[in-house]
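In this document, chain identifiers A, B, C, D, E and F correspond to the written order of the chains, with residue numbering beginning at 1 in each.
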Amino acid sequence: MPKTPALQEVIDAAEELWPHSLAESWDAVGLVAGRRDAPVAKIHFAVDPVSAVVDEACDAGAGLLITHHPLLLRGVTSVDASDPKGAVVHRLIESGCALLTAHTNGDSAVGGVNDVLAEILGLRDQEPLKPAEEGLTEEGLGRIGSLEPGMPLGEFASRVFGALPSVAGGVRVAGDQDAFVQRIALCGGAGDSLITAAHDAGADVYITGDLRHHPASEARERARGGRPYLIDVSHFASEWLWLPAAAQALDRVLSERGYEVEVAVSGINTDPWDFVLTPG
Amino acid sequence: MPKTPALQEVIDAAEELWPHSLAESWDAVGLVAGRRDAPVAKIHFAVDPVSAVVDEACDAGAGLLITHHPLLLRGVTSVDASDPKGAVVHRLIESGCALLTAHTNGDSAVGGVNDVLAEILGLRDQEPLKPAEEGLTEEGLGRIGSLEPGMPLGEFASRVFGALPSVAGGVRVAGDQDAFVQRIALCGGAGDSLITAAHDAGADVYITGDLRHHPASEARERARGGRPYLIDVSHFASEWLWLPAAAQALDRVLSERGYEVEVAVSGINTDPWDFVLTPG
Amino acid sequence: MPKTPALQEVIDAAEELWPHSLAESWDAVGLVAGRRDAPVAKIHFAVDPVSAVVDEACDAGAGLLITHHPLLLRGVTSVDASDPKGAVVHRLIESGCALLTAHTNGDSAVGGVNDVLAEILGLRDQEPLKPAEEGLTEEGLGRIGSLEPGMPLGEFASRVFGALPSVAGGVRVAGDQDAFVQRIALCGGAGDSLITAAHDAGADVYITGDLRHHPASEARERARGGRPYLIDVSHFASEWLWLPAAAQALDRVLSERGYEVEVAVSGINTDPWDFVLTPG
Amino acid sequence: MPKTPALQEVIDAAEELWPHSLAESWDAVGLVAGRRDAPVAKIHFAVDPVSAVVDEACDAGAGLLITHHPLLLRGVTSVDASDPKGAVVHRLIESGCALLTAHTNGDSAVGGVNDVLAEILGLRDQEPLKPAEEGLTEEGLGRIGSLEPGMPLGEFASRVFGALPSVAGGVRVAGDQDAFVQRIALCGGAGDSLITAAHDAGADVYITGDLRHHPASEARERARGGRPYLIDVSHFASEWLWLPAAAQALDRVLSERGYEVEVAVSGINTDPWDFVLTPG
Amino acid sequence: MPKTPALQEVIDAAEELWPHSLAESWDAVGLVAGRRDAPVAKIHFAVDPVSAVVDEACDAGAGLLITHHPLLLRGVTSVDASDPKGAVVHRLIESGCALLTAHTNGDSAVGGVNDVLAEILGLRDQEPLKPAEEGLTEEGLGRIGSLEPGMPLGEFASRVFGALPSVAGGVRVAGDQDAFVQRIALCGGAGDSLITAAHDAGADVYITGDLRHHPASEARERARGGRPYLIDVSHFASEWLWLPAAAQALDRVLSERGYEVEVAVSGINTDPWDFVLTPG
Amino acid sequence: MPKTPALQEVIDAAEELWPHSLAESWDAVGLVAGRRDAPVAKIHFAVDPVSAVVDEACDAGAGLLITHHPLLLRGVTSVDASDPKGAVVHRLIESGCALLTAHTNGDSAVGGVNDVLAEILGLRDQEPLKPAEEGLTEEGLGRIGSLEPGMPLGEFASRVFGALPSVAGGVRVAGDQDAFVQRIALCGGAGDSLITAAHDAGADVYITGDLRHHPASEARERARGGRPYLIDVSHFASEWLWLPAAAQALDRVLSERGYEVEVAVSGINTDPWDFVLTPG
């Protein structure tokens, strides 16, 4: 008969899915707060450990919040509650809710952020844009794969738009709507740094978030006959897609180990933008 | 009777408007290519020295192209024409068209990028967000000033949208459309680094371009009762506004010195985005 | 009628005694955990924020623990309770006990660690060994002053031994017991780095803690006719002396402001050593 | 018939025992002063090349002084005799006495400082705490091994006390006198940096010198059921133990090569402390 | 029937002779200016891309100038024609003359600067002084080989003097004219950094340019019985020798590929010195 | 009646002439070896502390050798006599001869290397090329002054040649022999780094030693109508000129203080070059 796991047992299951060894060297992943012997009956998933999300998880009685973004990436010497990050630490500990981060390890893993994004967009034969230095050949940052059949850029952009959770800013595209595209590169989150990799890998399109004027313009200027076209999506939305799949995968691993938990995905949109004005 | 200036005489006039001493220490402003004794009868203005813009200027017979963004900011050891930047150098020199950059000096100057943006949006009593270390008190990065009268955020966002040249991505806003706003901070281009200055200066709204998820989200999390609200505009559009004013100012200074030139502003949209899909 | 202060009001009083501006640039002082609007009826003082001390304070119902040593000096990206420092953060927040650090600001201040040590040893006309860069001339690291009258080194060492709280390791002395000493330099805590300052200031004796073989040997080799002699005391004991005086001073400032608190000094010896074997 | 070696021949024999390749990269070992063709009839051994030791060696007519600690570790641009280190260089050269350093190579070697310490304390199956990057598996910094049979901590501390040359400061211990200990880690000299290695290797006790408050306290706070207990010994004493063994080993190697020398170990205690006051 | 190559085809031929992979990591070799599809009927070779040389090449109608020294080694953010280097870029592009650099790759290659120098001086069995990290064993910086038969230093210095193009400063020699020499090390250009390698390789003589007082004096002080003697030659002259051989080799490779070009070597002496006053 | 000074008294006199505070921050000047209470009856002056010079001084019974170049500029951890620098330390200490360095302080001082060179060449109104950061306005690196009357470059070069001690390499000149020159800049030793200062100061000629191909060629390329012309002299010779003046000045200061010493200037040429082959 299924039993409630302790926090340490949930961490062990998460390690199987999103191993620590896949995290980039500058990253800070793993347990951020919590007691490892506490029972965890409810697990909440979200992209950002901001106060509204933490309140939602605590109010729901979750024993663990798993987020994609780290709370304390740069290192702190204080958790003073008058600072927003310190306030989050206080709320979590006072409520008995642990916090676990799966960031670049969650990006690179098989079944991680990039794999889920590739799958939802219908790519085939996907492989990493920047393979993990240590790990399986299927692991690494970004993905590139093929649409079967290919389609016009405008139609593919609509598919991207429809697949992502709706946020105010929508989806921006650089390229000709009628151009035929088939080879698709992508990177969830902010992928400025993989633009060149997408170009070199022969992509027709590169999808990522937070693209700024200079990197985007330089990429357009260097493009081969206009390719790769660029699709700029919400940083948040591109990572949110992973949450339901991650929740389901963790639930499955825990079940196989004889544990029962309740999983939930945060309904809070933490994309920072509320409304948008566009031409036409 | 007015005469055609040599390039050096145009540079002297530009120095009066956008002095070198206002450039940030990491920047590379001033003459990038050209012979200082060549006559300059036509001057072209643009944001980005990309190939389409350079072709436009050269085809129009311009003797000088003045851009906001530097061509060679990071330093090059080659101008090989098979590289996009080297191709621009070849086209310019082969066509006898000089290239002059007014970047952070053009941002900080009185009548520069930020002053023009503030004026078009109707601000009063504007002053720099980050005053120049050496210079007048009116000079520096960013501006902050007041709307008289104030208005709801949604109405002000529409004013911003209407004032900027139309680009695909439009204008994204974080905040409540009905909130009343009066104290406005802004920074043309990419102004992540001045978010805290806008907050500390008590702004109701902060307008800039290229805002990414993490800086925007952290600013939203730290906001005082939601303020400053954020308005994310096109990097290109926010700087383009300055071009007509800059062209007119340079024309005026040259006239006062007894020279006659023809000035033109590039009609090419170098915002990298072509179309956008948004909800609703 | 006296009232219970909120945490913020206690912090304001502490700032008057041990101002932030006196802390060294590498240090991390101030509020480490706690909610600034919580009432603080009991304040506990200790040298080290280790688990036994934190348990003592929480069990006593303290609303604030003030320690000399920082908990998170090097910056952390996690407060996982399976790590000793994370465990302390959990215990504090779960118990509603705040933590405040007064480290190098507590050393340098008038009435701080070094002043208390100098006073207890009977020094006169004491002044800092390394004056504060910004601050009063009475503020800074270490102290130097005079005994009136002077006495043999052995007798003075006994005075030091008697004045400090008793710890296993006792007091080690380098020098001739019968030598007459009068000019005394000292630095609470670990003062390797001020040995040369004590030498240059003409001290007969230098008292500090944690002196290692190489700095001590080099100082002995460079000594002028054997001076300064060295007295190595317990790092903990030399700083503990300050606690009762600090508690009393904070109590007084709060009283003057119309507040009433209960203060206590930890009775736990956090010197790491438990017993000692010595010759003779 | 045995003959007197030249300095170079003694250096060759020392290289066999304490090879240069075992020295840490930051260290400065080998010949510090002397002419390699000078005959060496007497060799003096000591821990520290301080003036009293150098005078002792020169007065005894030694042709070579071998010390554990380097004279010029940090690099000098002058040997001015008014500086203590320059005075040592003058005395050595004027007296025709060479100086050779065997520091971290002498620590790591088989039969080196750590091996001798382990043997005198009765350890079995000893191996390095931090194996040499290049070298035999028996070479490296620190040692860990087992007592057969184990014994109470208090009794083992007495054994340590009895084995070391007597210095004023004695031996400080952190832990319960009655606790049973068997697995012993040690590092001659100042071993702060190997505390974690001793912990991770499962030691019951870690013996070293110059332990300061913060490293010792953090180790106590992280200890597993109080282990490893800590024994803080004199930096000097822990290294002095090696000298008689080193002198004998070098004498033996030279004999095997057909040379005869007279060896002596310095009787000067260069521990900086002269007397101590302890409780009880 | 032979045809005129495009610039890209000449670059491919040059890559076969002086591969990019042989360049030092700090160097900037390859195409500096020019359009890769332009036809190249005449190729000019020189040591330095200074204005007189560039004018000579352009006036002769060359489509490509190949120099040993890089024009923009340190990276530029402007090619303003009022700067000497910018003036060169303008002259080249205006005249349709490309610029290609073969610097440390031209030094290290088989048949490169050092091989040509060794051959002209009559060395046998020459090999690199500092072999290339990646490449053939015959590739690398400097060369060392043997004279058969050996001869007095004075006679060998005369051979060096006679072999080099005449420059004002002539050839300076450190050593005894009558000493017999046979093993010769050399490095074209400025070879201070290989003096120790020449010494360690057992050279009787080391030939290079730009030797300064301190490196030369230290080498003389460390010399073994006076060897290696030093011969200081003109930096320019030692590299100029390679030009005719390089021109011929490139001509041959292009011929083999079915192309016809005209090659020429600059007659301009870019050694900076014009006359010299010497004793006797 | 005059008496023999102790070394400390000679050092005090030297400090008056060539104060420590004028040395560059990277330099190592002052006493390198010697006992400050030893009597100094004979003082030897030389440019380089090489073995032949040290032997000359010791054989002459000098109690002090004063050199321009430092012996241990880069810092040493050993003075092993099998190393050339260690051999010098042994010879000095064994012979009771001290070593004092006056390097960049000797360059910058009034009456120093550069002043003597300017005076011998007949300059008027000389001032430093790079004034000392702290010091008199007459102190600093390099000098610039005027010839009265001016003369052709060829004639001036002959004056330079005649003024310097004769060395094998002679004097190299870049420029037109018949050009009229009047404003002369100079820097004894190796003055690559002051070429731009000489150019900016409007010099007709710049005289220094150890000029290499690239700095000299770049200076020629940037020259204004060929100016400054360059005269490359022996590093050694340009500094040697100072020795007789320095010896005389020190003798005078000591006399004024009531001391009598014998001074001598080394006759050994430590220019590294022995003979030269030149065209014509």
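Convention: a residue touches a chain if its C-beta (ideal position, glycine included) is under 8 Å from a C-beta of that chain, and two chains touch if they have at least 3 such contacts.
Please read these numbers as outputs of a predicted model, since none were measured by experiment.
Participant: Could you tell me which chains make contact with chain A and chain F both?
Facilitator: Joint contacts: the list comes back empty.
Participant: Out of D-F, B-E or C-D, which pair touches the same way A-B does, with over half the contact pairs the same?
Facilitator: From the options D-F, B-E or C-D, the copy of A-B is C-D.
Participant: Centre to centre, by mean C-alpha position, how many angstrom separate chain A and chain E?
Facilitator: Centre separation, chain A to chain E: 55 Å.
Participant: Between chain B and chain D, what is the separation of their C-alpha centroids in Å?
Facilitator: 67
Participant: Can you list the chain B residues in contact with two or more other chains?
Facilitator: Residues: none.
Participant: Indicate which of the five shapes (line, ring, star, complete, other) describes how the chains touch one another.
Facilitator: ring
Participant: Could you give me the chain order round the ring, chain C to chain D and onward?
Facilitator: Putting chain C first and chain D second, the full ring order comes out as C, D, F, E, B, A.
Participant: Tell me, which parts of chain C touch chain A in their complex?
Facilitator: 28, 30-36, 70, 72-82, 86, 89-90, 93-94
Participant: Would you mind writing out the residues of chain C in touch with chain D in their complex?
Facilitator: 48, 50-51, 69, 84, 154, 157-158, 161, 166-177, 189-190, 209-214, 216-222, 230, 232, 234-236, 270-279
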